[in-house]
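Two complexes, one shared chain (chain A), two partners (chain B, chain C).
The block that comes next holds the complex of A and B.
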């Protein structure tokens, strides 16, 4: 048995790499679907997949070269052997398979596939100067007024922002699917929880047209609300928005 | 010896990995993310219905539900202004998704399922984000709004046992769909365009729209065969969708359900519309042309235009299908979308428009996706259904009237200009059949007007966006359904040289392999003494 494992080391390594591919490609989307309680499989992004595959191949090579004995076993598979049927069959497969694989790589490379769009963007560009100094006037008010503003802000949020950002501020409104640059999920700790009130004030007031080009304003459906909402309504919405999403604005660094 | 081999092998490995890198990079593509809700069937063990649970439920309700459903459960919460359909009024028995007979209230499990799943296309979110306990509690509270929950203690539940679909069953279902007059509301092809729906909508101004049964993702009560069977058996309370429990035998209801299931499709969405080369020289001018079957269809979800005033909170068109073909000199687009009515008024008309930038973008930068902006002009190809003049006339566009096409340029929705007549070079025809508009738009690949028109190039990614208007929904101007930027790409035909490359690669691969093995056999790896 041990002997067999030795002679087939090369095949085992190849099989392991193959299994890794099958796992990443077909099994992991299902597993992530269950783990993250999603309605749809979550395919692995191909760049990530590529890195895992690279690591898999390297791990295989490293394993095969850990000792000279192993390495000799690894290569000896390619030598004309004791003539076990399986071995000579697999050998032939390997000899034919390698050039075919190379040919296939070149083919997929050379056919004029439709180029795929690259849409890189920065979600949080720097806040324009005009907005830097602003303070949310409502945060200074007494508790009762604050509570009222939150309630009012929540209702305004539900009325105007819900179709895109969703009633739970989770970016799942009924219109969200139609915008390829999806409306932001505010519950995600990487979004509004990383900025402060006046940043949101800027985004809500100026919308997509106010964004600099590194944030691809041309793809963003975020409306500019400056003609429709008064400043104090926007401050209320901001408070309601944080409350609906259940996150807090970033704490301001104390200025000495 | 063995050391040299080791090095060589690792080197080869790295080269191989490098090749994989490039190859996989080509595959990275912008995905369109669709998270359509699905009706979830699983129900966990029910909680005890105690006064404490109801009191807890009140808290949940007054935190999460009241602003839509109203503090008294009347469906008139302060946020319901921009919602169509309106939130459920819990004081009436208007429950739609039930396993109980028409007119009865739903079971607690029914409520659990619908609250967990949410309702696609409406404001009702999915609440699997709150704990199961909270969901049961809020259900107990919601039930207190309507006394009928106390009276109907023994709810008559319609049992569902699945029966496999056969072609005969689907065929029989189709006949029954006619015989039982489903088509009067749902239309012959199930697109929700039956004469009764049209009358309800346009003459009586009722908010009811029969479901477009071809859009499987929009089924409120789920689109599995058991769900459809249940819907047909129980109906939706207080809507025109009645119960067929009495009118049809159990078997017949299965047949109809199988037929409905055969109509319901998933959305075939993609980011890039691949435009195939049409080898024979003529491009189709009619939507009925057989050549269209060669093109791959892409479906795009549409949203109401709520980016600028006047905002459109209640669009009636939520998807459009696109196909495209090109030849040496021309490109043709087929645009199809479901619209339950064909009613044209002077300003309210069914229409569609394609939007391109005026230049193929060299960098990431594009004009603004909604009608361009001061930094980027867009080229619009806009088709409008036929309307026959006459004060206040409402007409149906007949099949032999193809509608009109105009080409425009826009730099933002406030500065739209119609191109001069010598630059009007898009032609088009539209036809309304069985609840679906089919519009063909055609132009030469290049035009004289290089400043105002998109000049198509093979192999490039060309941004495109879509807009649709439904006249009977009072859509006009900015009141429309819109999409964000997608792309069209004119496919390059596969060059013959590819096969030569592949051959060379195989020969090279084989020689490297042979050389490697020959070397290996000449100097077999032997263990060096250590």
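The block that comes next holds the complex of A and C.
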């Protein structure tokens, strides 16, 4: 009985890979919709889908070849021989289903259609040397001055930044929906909390037009504020922005 | 036909082909040289090219008659003189860059330096491997370890000459193609360059002494220890050489000890001991051992696949196992060392850190993640396949499917990027910057957690492998004093590591609002210290398996699950604490590994053997796994070399000496991939050639009967562990 069960190893592996596909494609968007309290599903990006599926198939193959016995069982399903009715049925399904599956993949890849290209985005373009050594002068001031700067910065943030980045710096400003790439959610720990103050200074001052060539393709609607805001005001906005988002800037570390 | 004849024939053919090519290339090259050398020759006729104002002569006149009485230079003598003066000016200007026969200088330097580094890694990693194996063989009285160590030292001698040749070529390329940059480096590091040369002599002498005295220094323990100390000396010289060159390379990334504006040297010590020196030293040292182990594994795999007899197969199977064992042993601490290096890069320059992990080089780290994942899967796969040659392993194979699930799940998180390649439609549908997978899996908090889980899973694979041949555990009371001392020693070591770090965390200098984030780390360390004590207690009460389960469970809960969550908190509020968090994570995982390993040793120390290990009974795919490991680590080394060097962007010496050559741009991923691929192929080809050369004289010896047998599988197994 045990041997009989083992001869279905190939089917078990295929089932596991199929379950992974269903989970990623259909279940995970709904799960994330619920978990993240969204009003729409969060579909799995095609790149991740491909990577995870490759790993799923690889994991199945690794499992099926961890011993000679398993490998023989795995392959035996493809070989003709006496077996149960179920095995015979599944074999036929497999021999018909596999070419159909490949055909479907070829068809979906080859069918003419319009889609925007997949872009390889760089999160933090290289900060120009001119900005690297800058220090936020307000961080050096006494506590009272810093507190005042934060308050003034918050007002400036609400005046200039809120329309896009939102009153809570969560990327949900009134204009946010009008952008193809939404403004950044600063509350996310992977955004402004990972960079130093002067990085923000550069981004606010120079905006999208000041991005270096290696940062392209970069869709950013960030305007350049150098003609409208003084440096002091930008530093204050930075103070207010971090406080509004509830995160801290990356701090320079002492070398050990 | 013997191999010498084959070699001669190949050499003749190669020489003929070379001559044929040269007959075409030389006239072209020479004609270019002749034309190119005309201008300097003319200048040489017209006057000296040095910057010192010496007397000038008019063309066609005798020098004596034209010279002014005062010996002053002649001025205002027409257009020809002006042209000559202009040519002189041009010649006098210092040369910044040259090309390598019209080829991109950076490409040439990239290939040569990477090949040199790879050979150097082999030449430095394998002696460590060889000496360890020799000591194991000597202490265990097993001749086959000694033979293997010698076999690899023989390969080493051949590889050493290639390393030195490539090093020479690299030096010439550097001085020839980048003279201004090398001028700066020489200005700062000249004294260390002499030390380097002297140490190179030391390494050469000890290496050849170590190899050629192998047979002479056999027989007595004193002789053997002397031989081993030669090997240790060889390693010391090798490590010293690496440390010296590392100081030059890391100075380029984080220069110190000079006045940046003028390049004036203030302190050679600080230039050497720059912020990234020690992290790179440690990372490279461990990586070299890992590299050596996997290259040895691949060598054994090739030999295994070509083996004609069962005895040969058994020998090379065993060799592959030992190579893999040392490779994986070094692979486990490697991510920790790499993380430390990464943190120090951030510390020395936050901008360079951002370029590395979030900027232009972030995608190379995804490739790195894939390669590291492949290494861990490869070593586990090899261990699982290895269980097939051990009678009694059937009891543990049921765990493999869970391990595969855990390792692949971790791998998936490990390679998920923070920024996904997305189409416009996908962006619109997701509706925000990050998909939840990339948001929670794409940052270091998640990656540190899963890499620790991969390490724990790999260690678990190793535990079930070594248990496969053992029967039921022996009561701890039967282990005698050795058992008690062993467990106590491990306990004290782990407690010292955990408690001392917990205590030191109380004294870190941080602002009060940030320091509160350190408290959970201190608590975690104390909890782990308590669990380690509890595990020791349970072991004394003959409940070793429960102790191990407890250790694994608590470690996974703290170092993986809790710190995954907590690192997110720290990222937002107190990035300075991340440094302490990662060390805490490492300490907790290391304490689990050490304590678990020692408990396992003493639980099964006198256990009955279920069956033997049948060396050589390995499926062919296991050997391909060994080959894959070697290829992957070579690619990884090539990739990381590119990243380390490329992080400087358009600077030779970051922030001090700018790269103004036409090749100062950061290469695209595609270009990088092609060059690294070429380097990998060249290196593997050269290594195969060097190994073949080294084995030319050994063919006949194989016909001789072996001095050892493999029937005593139990002994082999014991010694291997």
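Just so it is clear, the second predicted complex is superposed on the first by the 218 of 256 C-alpha atoms of A that agree within 3 Å, B and C clash if a C-alpha of one lies under 4 Å from a C-alpha of the other, contacts with A are read in each partner's own complex, and residues count from 1 in each chain.
Just so we're on the same page, a contact is a pair of C-beta atoms (placed from the backbone, for glycine too) under 8 Å apart; a residue touches a chain by one contact, two chains touch by 3 or more.
Because the structure is predicted, anything quoted here is derived from the model rather than measured.
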Which superposed partner A:181 touches (first chain B, second chain C, both, neither): both
Partner chain in contact with A:66 - chain B first, chain C second, else both or neither: second
Partner chain(s) touched by A:125 [first = chain B, second = chain C, both, neither]: second
Which of chain B and chain C A:116 touches, first, second, both or neither: both
Touching partner for A:42 - first (chain B), second (chain C), both, neither: second
Contacts of A:194 with chain B and chain C, given as first, second, both or neither: second
Which superposed partner A:50 touches (first chain B, second chain C, both, neither): first
Partner chain in contact with A:9 - chain B first, chain C second, else both or neither: neither
Contacts of A:236 with chain B and chain C, given as first, second, both or neither: neither
On chain A, the residue positions that both chain B and chain C contact, one per complex: 40, 45-47, 58, 65, 68, 71, 115-120, 180-182
Residues of chain A that touch chain C when the two form their complex: 32, 35-36, 38, 40, 42-48, 51-52, 55-56, 58-59, 62-63, 65-68, 71, 115-127, 129, 132, 171, 180-182, 184-185, 188-191, 193-196, 199, 214, 246-248, 250-256
Chain B-touching residues of chain A, taken from the complex the two chains share: 37, 39-40, 45-47, 49-50, 53-54, 57-58, 61, 65, 68-69, 71-72, 75-76, 78-80, 95, 98-103, 105-120, 154-155, 158-160, 162-164, 166-168, 170, 172, 174-182, 207-209, 213, 216-219, 221, 223-224, 227-228
Touching residues on chain B, where the partner in the complex is chain A: 2, 5-6, 9-10, 13, 16-17, 19-30, 32-38, 67-68, 78-79, 81-82, 120-123, 125-126, 128-129, 271-272, 274, 300-304, 306-309, 313, 318, 364-370, 373, 376, 459-461, 482-487, 489, 491-495, 497-498, 501-503, 505-510, 513, 517, 520-521, 524-528, 530
Residues of chain C defined as touching chain A within the complex: 275, 343-344, 346-351, 354-355, 358-360, 362-363, 377, 381, 384-385, 387-388, 397, 400-401, 404-405, 408, 411-412, 415-416, 418-439, 442-443, 568, 571-576, 579, 619, 621, 649, 655, 666
